[in-house]
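Both complexes shown next keep chain A, but they swap its partner, so chain B is in the first and chain C is in the second.
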Partner chain A sequence: MGLKQKLHTLKEKYKGKKMAPAFNALHTFLYLPNETTHGGTHIKAADDLKRTMNTVILALVPCLIFGIFNAGYQHYAALDNTLRAAPLANFFTWDNFWLGCMTVLPLVIVSYVVGLAVEFLFAVIKGHEVEEGYLVTGMLVPLIVPVDIPLWMLAVAVIFGVVIGKEVFGGTGMNILNPALTIRAFLFFAYPTWMSGDKVWVHGAAERAQEIANGANVDAISGETILGSYAQNQEVVYSLSDMFWGFIPGSVGETSKILIILGAAILIFTKIGSWRIIFSTLIGALTMGLIFNGVVNMGWIGESSNFYGLMSVPFWQHLIIGSILFGAVYMATDPVTASQTNKGKWIYGFLIGLISILIRVFNPAYPEGVFLAILLMNVFAPTIDHYVLQGNIKKRMKRLKVKTA
Partner chain B sequence: MGLLSKKDSKLIMDPLADNNPITIQVLGICSALAITAQLKPSIVMAISVMFVMGVGNIVISLMRNIIPSKIRIIVQLIVVATLVIIVDQVLKAFAYELSKELSVFIGLIITNCIIMGRFEAFALGNGVWRSFLDGIGNAAGYGVILIIVGFFRELLGSGTLFGFPVLGSPVDKTGLYAIGYENNGFMVLPPMALIVVGIIIWVQRSRNKDLIEEN
Partner chain C sequence: MSKDIKIKKGLDIRLKGVAEKTLSNAPRSRTFAIRPSDFHLVKPKMVVKEGGKLKAGDTVFYSKEHEAIKFVSPVSGTLTKIERGAKRVILRIVIEADTQDEYADFGTLDAGTADAEAIKNRLLEAGCWPFIQQRPYAVIADPETAPRDIFISAHATAPLAADYDFTLQGKEKELQAAVTALSKLTEGKIHVGVGKNGKSPLEGLNGVELHKVSGPHPSGNVGTLIGKIAPVNRGETVWTITPQDLVIMGELFLTGKFNAERIIALAGSSVKAPKYYKTKIGSEVSTFIYDSGLNEENVRVISGNVLSGTEISPKGYLGYYDDVVTVIPEGDDYEFFGWNKPIFNKVSASRALTFSWMQPNKKYELDTNTNGEHRAFVVTGNYEEVFPLDIYPLQTLKACMVQDLDQMEALGMYEVAPEDFALTEFICVSKQPHQQIIRNGLDIMYKEIG
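Moving on to the complex of A and B:
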């Protein structure tokens, strides 16, 4: 008897029992369900929720693998600065991969195990089927946190994010806020020392700082992100190509711009991510960058100002530092929390870009504002849709009146 | 219940559970968010509101037949304001540090919707004893939620209760902190108070399905 048959008999056995959703979930996750619709004509589309989710995960895998290598690379490069001279040669090494696996994979495992446990629990309590929603969230979460975040914090945040961000609203498809970003926001506000600063982005930096504080005679590991350096008006040590290829410290999956663009291409080609949102977000970010450049060029702001460093960044460079690209491609396009109308998507994305750069430049307490901007616009998305719809209705009413008059 | 008749004890018990001013009527949320970061101010606030509501309800109930209905809101305001000033002055005299901590929120008891709501809805139409019980009951319902929220926020946000470190010291890394535990900074921020109140509402309604509104 094959595994599929076994799962099927288990499913039959537990039908109507409390644990049924849990078995059903395993069954549908691994195989196509046996149930078919009867009677009537049905159009069968290949892209069910499960396949949609899997495509997004597929688009995320390059970022994850790069993140694994980068976790190792940043650690060794921080110990031995000469490695940075030839990043490509020193990047894809077994040492990097091994260290990256040891630090990044636990994040992935904790994220999935805790998140799915909460999903199963709620499915059993509420008696509905386990929803696929967490598959993507669970992959996004490890990519948007610093590599050294303690695992128990991640677990607490995942429980909070799934319960408060999603389940209280009624589960997948009903949530107002992006669950992955809810988790990040929780971490950011609950444990700010582990989510910002120059000690968390490189594996071992916080530990090393502790050792030094205890009197050990070793060099400090510094892992300031580019945004952090700009915010403190320090010189940025990374070259533009480093930023583009991703050989920089940052959250696990956000650093490599080229791979995020690859992911964007997959999402746009399979029509899962909305190109309107992606592009309008980037346009919004560029617009804000241009405005700030303009302010600097007009000489309205002195070099002594706290904001001078970030305001004078050439506008297009905003796209390759920080996480605006990752946010635009994987977060803003979440079909549940984004605007649904085409015109609404343009407005929604544009404002995300605009606000992201605004927060990035003006709020020194938040070194990166992308997650806040997206959460804010998540809240406004239904309002935007409402006005777009009403505007359309009005326009058509007018046309109707002209015709009939 | 020897002391109170069944009807009277309902006045006290109802607001504590199924007709709680915060979780069911969703009134008085503002102060519940502002001062519950620690347990001590929550309790002081609960006692202050209990005093204002108990005495206020008595006064309004005594005057209920002579207050012209057109200006009753102004009269109610004057009564609350007087009582709040008494509370404020007493706190300033005997617990200055605490009154500093509670700052404007003692003064803002005046605007607490629960108080005006009970004056309007109950004290204007009921006798003195019953009004007093109603005031105490509602203030207790308010206070219970404040104390629950304050308990969790102080325990998880600062690792202390009444300022006493129950989880160990985060500076010396003792107790829970020795194994890597850290305080949850989010708990100290007002948004988390709203979420905690929301969770209490959620738990209460899922235990008692009658409380769930239609639609």
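Moving on to the complex of A and C:
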């Protein structure tokens, strides 16, 4: 009697019991179930929700691995600035990897353990199967937080995000807001000092600042992000190629633009991510960037202005600064919270891009607006769909009128 | 005159076990059966009791709602059993066949000179009316309502479907008689869709508007034909008839007999020698399945195609409307890490480690496994890739699920039948029962509005 048979016997035993969803979640993780079609089509395509979610996770793995190295690299580079002269040579080292694992992996583990625990709990209470939505959310969360975020904070935020962002609406497929971004929004508004500024993006920066405050005679570790520098009209210390390859401080998984583009390629090729949303978001961002460049060129705004720094950034550079690319590829494309019509997706994405850059430039307190823009458009996505549907409905009405007239 | 209709959105599901184009006579079935569930929403009112004698064409029961619609016996014999289920619903009416058929004689009728009323009455009394389906609601047509147009699709694109060009060979006379008769019943046109490649017996018909159809499935669905030519508006009715049923109608006019003979395709990867059989409506499918032989024991027998056919037992009976019997392996087994390993032997509309896109012409041996569990709707935009109608499929399904009648009407429910949602159901990542959802939606509309 093999494992397959044993598990099957167990499944039959647990059938109808309270813990059945929990058991089934683990069982179906190992084995595609033996369920057959009844009524409707007798055959079904190979894809299920697990496979879909798994593809997104695969697309995220390069960002995670890079993020692990980058966590170590930023820490050591902050201590020894000469490392930055040759980032590639000093990047993929065991030291970086080890330190990265020690800081990033706990985030991944906390995110998954806490989030899945909540999911299982709700599945058992509500008596439905454990849906796979959290598999992706759990991977996204560690990639969009600062590396040094305390684990308890992350745990609290995950519980909040999963319960309020998703379960109260009925679970996977029913939520209005993107759960990963709800978690990030919770962190940002509940613990703002841990989510912005120049001390959170590099491992050890905050502790070092504390030591200095206590009178230790050491160099401060500063990890100002590019957006932070721009917002304060300071000189940006990183080169464009560093920004593109990702050798810069930032949230764990969002720094490497090339790997995000790779992820986008995977999502678009596998037909899992919507290319419409990805491209329209980028077009929206470029449009807003061009508008601001125009404002600067027209001389409507002086160098003394608070907004001059970010407004004068060449429009295309907005795409490699901050998290707009990560947001466009992995966040805006969440099918549940995005517009669900193809036409709507163009509008939805375009507005996300537009508003992202708008907030980025005009919000002095917090120089990154991508997550706010996406959450805002999550709320408006049903409205967009409503008007797209009205177009179809009107066409049908018109056809009827022509007939009867 | 022919107008070309080209479909881009869709998906051809290529399966192993295409019926070879040779025709055999199936052994005569000992018993025949009529399943009232084949006639959606019809409440049968029995005319003949158990033990009663029937000729082929004699009324067995009629519809409680429209008493004029009669359902007749496909063979002559003795009604041996009325099988009932819960609440005494009739599941199956079994007729033990005589060795030789004796036909009820309705008399010939020249379709060219007869008037509409005579034609209608003949179709009703001789049991040919149930072959006429109507939209909206995808039910048997209401005899009191004249249709705006009549649509016939003679281009079968469903997986393993019987090829009309083969099964209708030599039936031009019957087809013409039926079409001529039907043209009296509508002020509009009779639209006929035929495959762009191939020689259809329907191409030479007079009095029809011919359309050459090409593209992937569901280009052959009559719903697609309607959608591309003239969608159904609120308050309008159109009729649809399948070509193999036209033949029976035509024969009725020409000979005065209800001849339930039908050429069916026996197909599917579990069938040893898939080919065409000449049989009758309501025969035991075992008469030809065991003639051809099966490759395996654990199989699903389907009366109809794999997308919208009915599951029957291997001892079951051919459905009233079906011209294909498909036998495929059951998929009631677990698959280790089936959800994340690369998949080469199944069809997929995505490329998520599924590789059917690399071999568009490969033929697959699909089983009945659901390949995943039922989930809430999550993925968007994938249904539209295989859905050629100008309708928003996901939103329509959701409107049906919440029974929002206004929204259902506005989104175009009058235009669709469940089979139009077969492909979206096939590719659905959340394994939602689309056809059932649409069926329930149509039923509630029929009850509340129709």
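The rule is simple: the second predicted complex is superposed on the first by the 388 of 405 C-alpha atoms of A that agree within 3 Å, B and C clash if a C-alpha of one lies under 4 Å from a C-alpha of the other, contacts with A are read in each partner's own complex, and residues count from 1 in each chain.
Basically, a residue touches a chain if its C-beta (ideal position, glycine included) is under 8 Å from a C-beta of that chain, and two chains touch if they have at least 3 such contacts.
Note that the structure is predicted; figures quoted are calculated from it, not measured.
Peer 1: State whether chain B and chain C clash or fit side by side on chain A once the two structures are superposed.
Peer 2: fit
Peer 1: In the overlaid three-chain picture, which partner chain does A:141 touch, first (chain B) or second (chain C), both, or neither?
Peer 2: neither
Peer 1: Under the stated touch criterion, which partner chain does A:162 make contact with: chain B (first), chain C (second), both, or neither?
Peer 2: In the superposed model, A:162 contacts neither chain B nor chain C.
Peer 1: If you stack the two complexes on chain A, which partner ends up touching A:357: first (chain B), second (chain C), both, or neither?
Peer 2: In the superposition, A:357 touches no partner, neither chain B nor chain C.
Peer 1: Which one hits more chain A residues, chain B or chain C?
Peer 2: After superposing on chain A, more of chain A is contacted by C.
Peer 1: Going by the contact rule set out at the top, does A:133 touch chain B (first), chain C (second), both, or neither?
Peer 2: The answer is second: A:133 touches chain C but not chain B.
Peer 1: After lining up the shared chain so the two structures overlap, which partner does A:152 touch, if you call chain B first and chain C second: first, second, both or neither?
Peer 2: In the superposed model, A:152 contacts chain B only, not chain C.
Peer 1: Between chain B and chain C, whom does A:43 touch in the aligned arrangement: first, second, both, or neither?
Peer 2: Second partner only.
Peer 1: Can A:191 be said to touch chain B (first), chain C (second), both, or neither?
Peer 2: In the superposition, A:191 contacts chain B only.
Peer 1: So if I take every C-alpha atom in chain B and every one in chain C after superposing, what is the smallest distance between them in Å?
Peer 2: 9
Peer 1: Taking the stated contact definition, name every residue in chain A that is touched by chain B in one complex and by chain C in the other, in rising order.
Peer 2: Correct list for chain A: none, the interfaces share no residue.
Peer 1: List the residues on chain B that touch chain A in their complex, please.
Peer 2: Residue positions touching the partner: 180-182, 184-187, 189, 191, 195, 198-199, 202.
Peer 1: Under the definition above, what is the set of chain A residues touching chain B in their complex?
Peer 2: Answer in residue numbers: 150, 152-153, 156, 164, 168, 186, 189-194.
Peer 1: In the complex formed with chain A, which residues of chain C make contact?
Peer 2: Touch list, chain C to chain A: 13, 15, 159, 231, 233-236, 300, 302, 306-309, 311, 326, 328, 330-340, 343, 346-354, 356, 366-382, 384, 390-392, 394-395, 410-412, 422, 425-431, 433-436.
Peer 1: How about chain A: which of its residues touch chain C in the complex?
Peer 2: Of all residues in chain A, those touching chain C are 4, 7-8, 28-52, 54-55, 129, 131-133, 170-174, 269-272, 274, 276, 335-336, 338, 340-342, 345, 385, 389, 392-393, 395-397, 399-400, 403.
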